[in-house]
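Take a look at the structures below.
Both of the next two complexes hold chain A, though its partner changes from chain B to chain C.
Showing the complex of A and B:
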């Protein structure tokens, strides 16, 4: 039993998951990612412009999910890899994102290290492979 | 606004009860509450009931859980509703019950919580536990609640020099406290060294940093303070109650080393009660993961943010310290039946402030004010309560 994200629901977030499309607030100029109906910075603006984020950022915090602690939809991944890292990345444009890390450095992950978004398989549900972003050392 | 008193409280032991479902758990806590009302209670005086539960019996009763439970204890016609805010469901049941009495609409209201977590497969359990955070992004990054709190712990370590050992001090302290508590799930002492060596869950956490899954229920009876002495000479006054929200997703928040929901809820509760953190004699705080208790010290004003770990080093929050925190064992060792937790804390405080802790060895002496703190998930919601003993 896994967290249920329907195919249409996943599809609606494709601009964010495939292309890191953020929403630039026309009132204050800051970028919301993921999108909000009202800007989370000025709490006023409700009109936005699409901007594609660079995918460049730095590790703000990290954890390593151990095999037994993975949610069911990531169980196979955890079994194959033993464990997998999850990061909070602060993007150079400002927003923070939560993401898995691929190719973690052998010497360990450090807060502040540079990372870059890459396009990867996330998981599978309802027979459909779901793609999205993960981050790799830059 | 009317003043609010607590005149009865009860709870099941927390743990693994294959022979009991949500109805049986709720009934046991309810009957213990009834017995605790010193001069007895005509049950028909209860005007409303707020019952906290996340999974409503692991999903078996998605809708209308509250009338099901009330019908099971002879109160089929009481105005009853289920309250849900993940791990803070019980706290929000208590908060809503307090508001209902304070408004003057009802003289007597039940606040309760119940959760049945132990008769589901571990697969389904992990499903349930991970969909009260931000499902779209946090969950699809492969994270669970342990992972989200682990991210907070890593950042706290980075910013303030918190050490792995400090996390284990929380676990060892709360396990030590639970030994004397007959209601606790794990009545087993562990050393700091043992707590540092558990099976990894999410770096920096091992299994000793995490609260367990538990079955359990708790019930609290609130009334207008004007009528409290009809029922007991020892009411406990609910002097302040606050609740607040924050962005559900961790990546939407400015800081990962504080919970703004707790801070706002605490500010509201302290202001209403007319007291400050320095007046609190003991506290039950939401230690779902060890870092959560350390965050709570800062957010509730017991320490400056970033210095909370030194309270642990000094033994300040041990049962024999200046400010006992989680003398019950906390979520960590008393157990964490999600929807019940917030009301279970109130039940513990009620008994302590009436000098009725079941084991005399665990009675906190000379306490006048107490605080309880209940968090939803990783801090999307929080409720804080301030209690004053009523026989002084």
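Showing the complex of A and C:
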């Protein structure tokens, strides 16, 4: 079973998925991404300011998902490519995000390598394309 | 009021296939490119459009963009206001005036002309024009061999120095059976008579180009660059030479050998390339073509060089070659 995300739920996350809009906590000044109802750092702040993140970051960790390990929504991609890399990226502004990597370098992925957010199709469900960010080598 | 292009951006997919791959897999290739761009499995014209726009908008206050026009022959949805996806992805104001052009490879210049007009209807100083295209057909169709993918974006401004728009001249007429697509189909068809297609291309594009030169009281020799629509390897260069253009005027705007047929992008992609070497005072003429048929020739004069966010040659050089089998997988043909 895929981790089904309904269209309204995906729609609500469009600012973060399409242009990396984070939430700056007005209590502690840290950026929450993805946005939270209560700041995950100070556990108190519930008032935020929208901040557009740069999309620049570095590889914090990574793994490679083999064809058989892909969830159904990424099955087409896995079938086409055989496998695909997934990263944890530490963004310039601090937050860490889980993301797929595009155009991985032939010499391999390295911890600490610079990456940049790109706009891609994440998957398609119910005939509706779900766009969002992935990361490519910077 | 003058209207100028003050910035441009180009996006080419990372994947490429060489013509040699066609030759070794099929024994022939009906297109004359050296290599061509290939969409990755998670790319479409909208993702390319966003990337090209981000390059063009670098350093520009996006809240001052009042118009967005977007063009492609193959949007991912047949019905949907797809400029909205760009508005969200780029963080533009939600009250921008939008226009979407499709159904023909002439839609690229149409969207530029629409943006020039819509600029009069907004108080904001900037308009964004995005042309993104990736023509599609089945691997058994000859036309498909040349089909590439690319996006280019331009920021137009009111009364700012840049590449000043001078004028347009158009040609339209009936031409049946040439490169068409029926409702509900994804594959492009063609009756496959190259001579017939060439005659139509020559007549339509020549009509637009010479009409524009006459309208502006210029000779073609007055233009430093002449960039014509490139749906194959030879037609554009052959026609430009027939009209009296020199190699110097033609060569820098030729992008087909590196990208293949990029549909609505074609001449606009060539424009992005020539802008890198153009100097103040240079005049540039571009002409689109759409089968069916129509052509629009546009004249520009460079007042101040357009800033380069990304060097075109670097975009051409960022690539990875794939085999013909992998290419078929990317296209989901196998």
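Simple rule for what comes next: the second predicted complex is superposed on the first by the 137 of 138 C-alpha atoms of A that agree within 3 Å, B and C clash if a C-alpha of one lies under 4 Å from a C-alpha of the other, contacts with A are read in each partner's own complex, and residues count from 1 in each chain.
One rule holds for everything that comes next: contacts are C-beta pairs under 8 Å (C-beta built on N, C-alpha and C of every residue); 3 or more make two chains touch, one makes a residue touch a chain.
The structure displayed is predicted, hence computed values, not measured ones.
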**Prompt:** Does the superposition put A:34 against chain B (first), chain C (second), both, or neither?
**Reply:** first
**Request:** Quick one: classify A:5 as touching chain B (first), chain C (second), both or neither.
**Result:** first
**Message:** For A:51 in the superposed arrangement: first (chain B), second (chain C), both or neither?
**Reply:** neither
**Asked** With the two structures laid over each other on chain A, which partner does A:64 touch: chain B (first), chain C (second), both, or neither?
**Response** first
**Request:** Could you look at A:113 and tell me whether it touches chain B, chain C, both or neither (first, second, both, neither)?
**Result:** neither
**Message:** If we overlay the two complexes on their shared chain A, which of chain B and chain C does A:13 touch? Say first, second, both or neither.
**Reply:** first
**Prompt:** Of the partners chain B and chain C, which touch A:24 in the superposed model: first, second, both, neither?
**Reply:** neither
**Message:** Looking at A:86, would you say it contacts chain B, chain C, both, or neither? Reply first, second, both or neither.
**Reply:** first
**Asked** Taking the contacts chain A makes with chain B in one complex and with chain C in the other, which residues are shared?
**Response** 77, 122
**Fill in**
Within their complex, chain C touches chain A through residues 14, 40-44, 46-47, 50-51, 54, 76-77, 85, 88-91, 320, 329-330, 332
**Prompt:** Can you list the chain A residues touching chain B in their complex?
**Reply:** 1-3, 5, 9, 13, 34, 40, 60-66, 68-72, 74, 77-78, 83-84, 86, 88, 95-100, 111, 122-123, 130, 132
**Message:** List the residues on chain A that touch chain C in their complex, please.
**Reply:** 14-15, 18-19, 21, 52, 76-77, 79-81, 102-103, 106, 118-122, 129, 131, 134, 136
**Item:** chain A-facing residues of chain B, complex
**Value:** 123-124, 126-127, 130-131, 135-144, 146-147, 150-152, 154-155, 158, 199-205, 247, 249-252, 256
